[in-house]
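Each of the next two complexes has subunit A plus one other chain: subunit B in the first, subunit C in the second.
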Partner chain A sequence: MVTEGRLGRLFLHAYVIAFLVFVLAPLVVVVGVSFEHHALLRFPPQALSLRWYREVLDSPQFLDAAWNSLIVAVLATVGSVVLGTPAAYALVRYRFPGRDLVATLLLSPLIVPQLVVGIALLQFFAALGLAASITTLTLGHVLITLPYVVRTLSANIVGLDPAVEEAAANLGAGRLQIYRLIVLPLVRSGLYASMVFAFLISFDNAVISLFLVSARTTTLPIAIYTYVEHSLDPSIAAISTLLMVVSVVLMVAASRLGRIERIDT
Partner chain B sequence: MSVVAERLQAARPRAARSLPWVVAIGPAAVVVIVLLVVPSTALFLLSFVRFDPLRGIVYSFTLENYLAIARSSLYLQVTLHTLRMAGLVTLACLVLGYPIAYFMARSKSRLAALCAALVVAPLFVSVVIRGFGWMVLLAREGVVNQALVAVGVFAERQQFLYTDPAVLIGLVHILSPFMILPIASVLRGVEPALEEAALNLGATRWGVFRFVVLPLSVPGIMAGAILVYSHAIAAFVLPAMLGSIQTKLMATMLYQQVLVAGNLPFGAALATVLVATTFLLLALVYRFFGVRPW
Partner chain C sequence: MSDVAVEVRGLRKRYGAVAAVDGVSLGVRAGEIVSLLGPSGCGKTTTLRAIAGFERPDEGEIFIGGERMTHVPPNRRHVAMVFQGYALFPHMTVADNVGFGLRMRGEAAAPKAAAVTRALELVRLGGYEQRLPKQLSGGQQQRVALARALAIEPRVLLLDEPLSNLDAKLRQEMRVELKGILKDTRIATVFVTHDQEEALVLSDGIVLMNQGRIEQEGAPYEIYERPRTSFAAAFIGQANFFRGVVREARPGGGVVVEADGLRLRGVACAEIAVGAPAVVAVRQERVRVLRASGGGYDNLLPARIELLNYLGASIQLVCSAGGRTLTAVLGAVGETDAPRERGAAVLLGWREGDALVFPSSG
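Moving on to the complex of A and B:
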């Protein structure tokens, strides 16, 4: 780089740092506020305490919601990985009529606005006479996590050399054996990454859940959303911080297992 | 699809070829059809059904729901307001995000790696939490007000929370990754040698940007703009948290009609308009720029 670029580069760096402050500010503030002792949303906190964490961890309201979130996220992850893995494999490996159409179909839960998906599911379940339950909520979450699994895994499968599968076939392996002993182990990292994505997408989802939860099946994001509507105190910051810790831990795990940028769209 | 991928497919193994693809793809396709295609179609059909405030849904054909939207100046205003807000969000994401994308694509420094991680990280934090964070920041006693008063921009604290600018800031915050990542990925594919060549041939830095970098990154910009715009049109949670009760956007209106007023047919008509607007936009961009939005 020539010297005239040095000033420009300095500006660029300063701007990047300013932008990162903008990106992180709302998250940092939430963490900070959660340690304030008084019932004030004060940042930086002045009287430090863990009072709100104790309060949140003693609150059946938040604990039930956390439990629901966890169950739904685990079930949705299992569901979308079981459905999405063979689908991704077929999309990459086979040519068949309407293949593009099927690919678009499987990604369409990302294209239709979630608000509309939520309303459509709400009236669909109502028309079938299904009351809001963990099952209906899980079905909604399987639908929206499926595209992420399909996309992450097809990106991985594209990188597999079919010669390996061919060799296994020539050595007498059956289809399921190839699938189980060759393909799955080779895309293991993609599989883990898509599990983490699916889990987090479900765990953090607010829009679909808003339409599909009942008082008994409230999830954590919905509990936060409704709580914030009528009162603002640091307990929300505490529960949010705990939720973020879960996300960060899983995300670090995911970034070790696969490229996170695949989730970008 | 890359040439390599095509070639890989051409050489697919014999055993795999005989595996019926229907078995592999069928269950996932059925789930999406049952949980998305059927309910959306039903919702669409419901928009042509009458709603009686006393008796609820009456199953007879009507265009009344659409006519009500077309006739009322309120809904036109709301639609225009939503499209304008989404436009502003998209523009802000582009202007603020482009330098970040460029930096991520070109720099190999530690800061660039940090940047790449931090741009993606908030995507994994619930939108509800990020909304709450902005509520704390923008509150009357919040950090933003404190700072602006301390620096002397304002003599006294301002009402930021529950206003349109708050919604704008919040939406830019959650949607900027959708602009930055596609642009960065396109710029990564642009040879830095092109820029050096232009510089050697006497172009100014601005000229290099204007005539080399920017035109080459148009596909990334378009992809990002579509993503941001379509998400911004349909954003619900953040406007509900940061906006005022007077801020009427298509999504908040839709929510109100369905869950508060219980007028599902009218909500269905609003949803149809929302989806039609989004798809029309995607189709236009696809038609003129050949960019696939997904």
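Moving on to the complex of A and C:
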């Protein structure tokens, strides 16, 4: 029995290590390649340098695209949180006709292939006579980030005792005061998490953006995609590494804030 | 009329095909504690929530302090509720919880702080101002919920099973303490409970509810001693029941009921005619356990002791008598001469006045 347990544990450790290697290996390669001095995609790098980082950070093409991505991601995050928070609240708290339909519609951008959503939006905006702009791009991104916001916040609101809101009303709080003083503080960790989700999903979306960008509104993922089409050098790896760092920092920040909230409440 | 703090008139509330509350009317005066008592689903909580404004009545009116409040939203009723699970604000300190109602009323900081201190002292939680609810025990959370409700000096205090989440010992302590606080503050109180003992101890008046209707209302003593229906007799206290048919009815209430060959003498608690089906209820503490002869008892039944349940302050005897099971309760100290050994043949006796006869519906 003892040996069997030990064998089992050994197998489990091996499995975990294999899994982590499988997930992380491509990322390690990208990070490694980004430090290669020569214009070669080579792993492990032979001559270390920060040359490609400098090039990326000096390139107006990438910087403009990053700036566009940042603006769109921030606007899309604000948009989907502003729309998604009341939607999540209503879906959890109230029973109304068409509730299931609304819930399905809100989650449908997760289910319909993004390619289809992209084409549909392109035709929709064309039919309305709207030219590609930051606004149309943001609207498209709100559409695909909304399901994540609604899902994350719904899970949080389900955990709120409705009696707590009733207690606030009983003590004299109006609807808006209940949202501001009771509901929002209690779902704060969910709000942070859904904001990070929305931001990251918008920031690295390529498929929807492909249909909605113009020359002036190119986003970072599209810029990378275009760049790869005609040249292949470690600047792509450098920019990918930078993107990864941004994602990791945001994720860690969100989980930290979430944890602090849990200790508080 | 003017000192009626809360009045409910003809309240009706349906959920789909089920009538949760079916024509309930009641009134509570200032300083009075009234409990809504009944099994789950009897409509007591719906009635309480309608007073608080959380349920919209289908029919009927609600008056608070003489004002018609039927369609006033909960935040403008000036009633305070203590919820079953306390519903404290988990992200606020004890002081912020207790001060919340005053904050909503725009009270200035200094009088608010003074009121919070007063309310916390009332529930003996002075010094806990800066704690968070989850740092408190269940009993302490319960006190914070009470302090939070009392801090706004409500016209009516509503309590929804406030003691049911506490363990048995603490529940008994809080029961006594709660009664003291409520009597001191003299706030009209409506108190929902399914625990008969809680209702008997705490209330000035009990409203016994069943299936959305009021079964009986009155002082605890009246409800216990003079139940008007077999439901009331069954719900409060523990009784032995016999089903039978009325054979004789004398003016003054004395009746004879024949139940499976037994002729039982009792008193009618409601109008009942000869030949009508009836239920006879005899409270277990009114059943005497006798050795052989039973002088002075109107009803006597030979039986055998099957089980003895020792309850500390009393002993419950479970007896069999011709295929039926009867229970009797003896004080552990007195009645030492009563037989109390398993298998003993005894006579169970009770007086006519202790056998309550009700018309039977089925």
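The definition used in the following text is that the second predicted complex is superposed on the first by the 252 of 265 C-alpha atoms of A that agree within 3 Å, B and C clash if a C-alpha of one lies under 4 Å from a C-alpha of the other, contacts with A are read in each partner's own complex, and residues count from 1 in each chain.
Here is the rule we use: a contact is a pair of C-beta atoms (placed from the backbone, for glycine too) under 8 Å apart; a residue touches a chain by one contact, two chains touch by 3 or more.
No experiment lies behind these values; they were computed from the predicted model shown.
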Subunit B versus subunit C as contact partner of A:L171, first or second or both or neither: second
Touched partner set for A:Y15, first subunit B, second subunit C, both or neither: first
Touching partner for A:L186 - first (subunit B), second (subunit C), both, neither: second
Which superposed partner A:D161 touches (first subunit B, second subunit C, both, neither): both
Which superposed partner A:P109 touches (first subunit B, second subunit C, both, neither): first
First, second, both or neither for A:D204, with subunit B first and subunit C second: first
Which superposed partner A:W67 touches (first subunit B, second subunit C, both, neither): neither
Subunit B or subunit C, by number of subunit A residues touched: B
Common interface residues of subunit A - those touching subunit B in one complex and subunit C in the other: 161, 163, 166, 168-170, 173-174, 264-265
Sites on subunit B touched by subunit A in the complex: 1-2, 5, 8-9, 11-19, 21, 23-25, 27-29, 31-33, 35-40, 42-43, 46, 96, 99-100, 102-103, 111, 114-137, 139, 141-143, 173, 176-178, 181-182, 185, 205, 223, 227, 230, 233-234, 236-237, 241, 251, 254-255, 258-259, 264, 267-268, 271, 274-275, 278, 282, 293-294
Subunit A to subunit C touching residues, read off their complex: 161, 163-164, 166-174, 177, 182, 185-186, 264-265
Subunit A partner contacts - residues on subunit C that touch it in the complex: 52-54, 73-76, 78-81, 83-85, 87-91, 100-101, 104-105, 132, 134, 148, 152
Subunit A residues touching subunit B - in the complex, by the definition given at the top: 4-5, 8, 12-13, 15-17, 19-20, 22-27, 29-30, 33, 40-43, 83-84, 86-87, 89-96, 102, 104-117, 119-124, 127, 139-140, 142-143, 146, 150, 158, 160-163, 165-166, 168-170, 173-175, 178, 200, 203-207, 210-211, 220-222, 224-225, 228, 232, 236-237, 240, 243-244, 247-248, 250-251, 255, 260-261, 263-265
